[in-house]
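Shared chain: chain A. Partners: chain B in the first complex, chain C in the second.
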Partner chain A sequence: MTTTLSTTGRRASTRRRTDRRLGGRRANLLYVPALILFALFTVYPLLKGVELSFTNWNGFSPRSSYVGFDNYLRLLHDANVRKTLANTLIYGVGSTLVQQILGLGLALALDRAMRGRNLARAIIYLPALVSPVVMGTMYYLFFQYNNGVLNDVTGWFGGEKVAWLSSANTALIIVVMVNSLQFVGVSMIIYLAGLQSIPWMYTEAAMLDGADAWQRFRYITLPLLQPAFATSIVLNLIGGLKLFDVIKVLTGGGPGYATNSLSTFISVTYFDAQSAGYASAMGVVLFLLIVVFTIAANTALNRRRMEEM
Partner chain B sequence: MKRQGVARPRRVRVGRAAIGAFVVVIVLIQVMPFYVTLTTALKPKTDLSSRLSLPSGGIHWKNFSLAIADGHILSSIGNSAVVTVATTVIVCVFGALAAYPLARRRTRTNSLVLLGILGLMMIPPLSVLVPLYSLLNQMGGINTYWGVVLVLANMQLPLAIFLYANFIRGLPASIEEAARVDGANLIQVLVHIVFPMLKPVTATVVILTSVATWNEYALSVYLLTDPTKQTIAPAISSFFSVQSSNLGAASAASLLAVLPILVVYLFLQQYFIKGMVAGAEK
Partner chain C sequence: MKSRPLATAAIGALALTLVACSSTAPSGTVTDGNAASFKLEFQTGLAVDTPILTTLTDLTGKFQGANPGVTIDLVPRSNTYEADLKVRLAGGNAPDLWATHGWSLLRYSEFLVPLQNEAWAKNFNPALDAAMKNKAGEFFAYPVDTDIAGIVYNADALKTAGVDPTKIKSWNDFGQALSALKAAGITPITASGKDNWFAGNLVDWMLSGAYSEAQAKDLANGTFVSDGYRLVLDQIAKWRDEGMFNVDYSSATTDDIARALGEAKTGFVFIQNSLTNNALEFNPDAKLGYIPVPSFVGDNYLIGGESQAYGISKASKHIDTAKAYLAFLAQPENTSALAAAAGTIPGLTNAKVEPGHLAASYDAFVAPGNIPLVPYFDRVSLPNGMWNTVVSTADSIITGQADVDAAVGVLKSDFTNLHGQSQ
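And then the complex of A and B:
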């Protein structure tokens, strides 16, 4: 008991000495410039946004007044908001699902020796570096009604032309697919890094014990990939829930309001409908949505990891 | 590890072929947008042949000149270069400075500060669009480079601080302590000892920040509305909506926007992939 106390005491004093040598408390000044930026451009807008969400400000007039929870009540009764919220969840959850399935599949395929493996990885990752705006423009060439690649191909087989982007259901699926394909390389690389961190001796030991490929995958690879799952899923969820660029270019939120996400609907409400207070309330909802999903995904995935260990 | 000389059973061969086919299909899907955009850009507006076919009547360059003349694509690329370089420099300098005390002085306050900074990464830019826009409007920062640079640097900084702090924690503190004992002040230690050791992680930060800034759209489109100040992503989207009847020109503009990144990726591919992994493994 006494020895432990004295060791911790000594360790603490060493730490203090080290700390003094490295500049002591004054060293904290080094993060002040960064904190000023955050305070000005993230924290203040976030708090100000909460305040604005309780007003009827139109976005430019110097006058506005507090309206209590009116904006939030209006959100509950607004059919467009309900649609938008559903779309946001479809984008978030849909993209996450597609990216995990394809990303993990590609990582497993490209983890083994294969000719052209590096080239394949480089090409699959490439779209992730391109602006989603450009990606949307490029994919528009596929889904356009006249002369679009997809309608040309179905035409060769005697199919009728389809207005892919003017129908809410197909447009939603197209947005999810374009976003998923663009960033599938990111998931692939996260899973590849995860696979490469699994020591070969585990697999070898399982093989010696007579485990077949499926058993090795189920009882070794999958549990040891848990950190990669957590990283990739959280990253894709955030990316999908805040989706903006692709929708703006590919569908513009239409037909009507059918493919808006919360992000695109906020910009429409603020700049076109000039309801800044209402748009701020949506901003608060979007922020809370992402916080809740991120924390939930993190807790669920980390808990599972603990159980499997 | 290698199972040489063993005749593989048929089931394994079929499995391998299926895996190979899966990879080839995805690779083709990922190449298609670039290919179709290229064929579209190289055909005149009147050419209604399938976009899958190559241009038949010779290559048509006019779409590129149209994108450059009417779409201000080259000047937008220049604007993007200015904004990207300025943002990346600020992120690297502020990021490395901020990370040092957060990595070396692990007091309770500093742990909380680091946790708070990580939390900032969750905030979607559009959720603060309204107050951010009106704040910049009051500051006179709309349609200025400094306005968009400060906002984007503020968005990219949390990840950079996190990467720098992780990296510095892995470096031994003894050299810094020795230098301090010998009478160097904190700034000298940072400039002569710490910063030179940060080169590998700076490569990662530069790649992640510059790609994100180059491609940024959601905020730039509202903060830079003046066509002469516009960066490339908003320029492409407005050119695309103006040219919806001439997709050849929009395609040419898209290709011009992608070209700089494509060239850099070609030469620094390994760094990109390493940087991506480092950035993702938080």
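And then the complex of A and C:
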């Protein structure tokens, strides 16, 4: 008995010591490894990218020289950069809009008790687990002119074949839709989590007060979904602005430069056009663009949430 | 004891840092440079299952058999071969040997061992001089073959349309041939914006005949001359407006084009002759050939230059072994076998020419030596890195995304920037 008490006492003492050690400044040391990895693989490449943006490096030669702000000035006059910047915004904002509308709709539909609900949720979420390259290839096979699924199906009904990827506008819309459909499941899950966190008593009280379905949605569900909105919108916005894989596989940035995003154009400029310095300047701009949009979206959504409260 | 968490965190971080920062051992050094057995990495730039990779694998097996302890690791190409190589060069991690895919001189020479003093160098095909030798007479890769390209055609398609390829002497003749093909329901020119080098080839092929010698010299010296570009892009825009390109242009793959060529569904393709091998896979009986490229300003010509060529990294720990390996490949029977597998002309003059299914075109246009063989325009007259702009602007014109003025503007801008960067 004495032994048991003694052992228990030592354990308690050890736990107290450990608790003390984990408290305060010492606990901060535990995230040092993660901090070092973050510095090595995120901060250092970022700073190196910024440094490169002031050079004329071709991406592989041991030689390069500093060119000051030339690359940034060149950005201002490059029509292709303007085009790809516009495309990037279309991908970012377009995909975000489509994913919010579809994601919220699906979440509302699948939040109800119904048969096959879990299966439907799983099926809608599954594409998010697939590599965007695979997704892009699948849709390429869907939209291609010869032997494309869409043209074959329309052909059964006497329709003419259409070169879907030849038109810049159509190709842009296709890229937005493919990206949105792939990740709509993510938005749906976020909204489902948001819906399930809304206490039933609010809805019940509103029903007792005679609120109809639209009023309950407008005045209870939507305001209480604000945190979910913020999360989903910011995630989708960042994903859309960084869009790369689907474009690379589906359209290759063409026709011409018509469907390039900044990400794909950076890749082409860095590796194919051998202008690593210039590509790095574009990368810095893309980084700042994402920062600005993310902060703006977060600020706007938080302000709205405060107003609702 | 008190310092254990701190020590653990510090040691862990240090270990992770060391793992992350440690550079990989130089390729080709399994243990060390004096080891009895070692491995050389060879980035072949060849797709798996191609006849030339099969032949190269067989030959490499023989070399390894004769040199116990030496292993040559033949790495097939990836979709991002060029980008991968550039990253490795930038990181100081070059393979021991690599395929230079047309750029042994202009892009890779600073990383490669000069080979002009090798015993086999006396058989270097002079047709490759412009593309592969610098002013000092140095060259940096063993040339497996000499790329000879014209405008590839399907003889059955032309016959159906009543077109005699030997009578095409000018772009006007070529335009009439295209009209005849279109009238016969055959796609006149097949290209691709997906595998977009087809679009780039179209412009590159034509540019060589669109600039006078003096203008080409100006370009090479960094003065942009728009006339030739405008001429070529106007011609392509005209063909586009007349519906001379394949309808599936934006989604066609190389295989789609090879199939169309093999099955006589297209008349012409602007591509290296090696594509005819792919076309024969779809139709072994296809009758294929090539014609010289008509010129706007001078004589008609064929395009030639570096195709399959292998260089040795200056940083390799096994340069002598790599040289011995290239010397083995450069033996006449081995070079002949490789060139035959590629369906091209050998890069060494002592190897046997086996033009195979393209023998008729070879006999008509190459063997007599009357048709000039000019280098790829972008490689000699444009700054390194312009190929991408050539491709994208050609694609923009064919798809109607840009007019000629806009495309020439992009070319001028990129030309100026890249030339400035190379200085």
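Here is the rule we use: the second predicted complex is superposed on the first by the 281 of 309 C-alpha atoms of A that agree within 3 Å, B and C clash if a C-alpha of one lies under 4 Å from a C-alpha of the other, contacts with A are read in each partner's own complex, and residues count from 1 in each chain.
To be clear about the criterion, contacts are C-beta pairs under 8 Å (C-beta built on N, C-alpha and C of every residue); 3 or more make two chains touch, one makes a residue touch a chain.
This is a predicted model, so every value here is computed, not measured.
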First, second, both or neither for A:271, with chain B first and chain C second: both
Which of chain B and chain C A:174 touches, first, second, both or neither: neither
Which partner reaches more residues of chain A (counting touched residues only), chain B or chain C: B
Contacts of A:247 with chain B and chain C, given as first, second, both or neither: neither
First (chain B), second (chain C), both or neither touched by A:135: first
Contacts of A:161 with chain B and chain C, given as first, second, both or neither: second
Contacts of A:143 with chain B and chain C, given as first, second, both or neither: second
Chain B versus chain C as contact partner of A:37, first or second or both or neither: both
Contacts of A:59 with chain B and chain C, given as first, second, both or neither: both
Which of chain B and chain C A:231 touches, first, second, both or neither: first
Shared contact residues on chain A - chain B and chain C: 21-22, 26, 30, 33, 37, 40-41, 59, 140, 144, 148, 271
Parts of chain B lying in touch with chain A, wherever the complex brings them together: 1, 19-20, 22-23, 26-27, 29-34, 36-37, 40, 48, 50-52, 94-95, 97-102, 104-105, 109-110, 113, 117, 120, 122-135, 150-151, 153-155, 157-158, 161, 173, 176-177, 180-181, 186, 189-190, 211, 214-215, 217-218, 222, 232-234, 236-237, 240, 247, 250-251, 254, 257-258, 261-262, 265, 269, 272-273, 276-277, 280-282
Touch list for chain A against partner chain C, complex: 21-22, 26, 29-30, 32-33, 36-37, 40-41, 56, 58-62, 74, 77-80, 140, 143-146, 148, 161, 163-166, 168, 171, 251-258, 268, 271-275, 277-278
Residues of chain C touching chain A in the complex: 2, 5-6, 9-10, 12-13, 16-17, 20-21, 80, 82-83, 85-87, 89-90, 110, 193-194, 196, 247-252, 256, 384-389, 392-393, 395-396, 398-402, 406, 409-410, 413-414, 417-418, 420-422
Interface residues, chain A side, partner chain B - complex: 18-19, 21-23, 25-28, 30-31, 33-35, 37-38, 40-42, 44-46, 48-49, 52, 59, 102, 105-106, 109-110, 112, 114, 120-135, 137-142, 144, 147-149, 152-153, 181, 184-186, 189-190, 193, 200, 227, 231-232, 235, 238, 241-242, 244-245, 248-249, 262-263, 266-267, 270-271, 276, 279-280, 283-284, 286-287, 290-291, 294
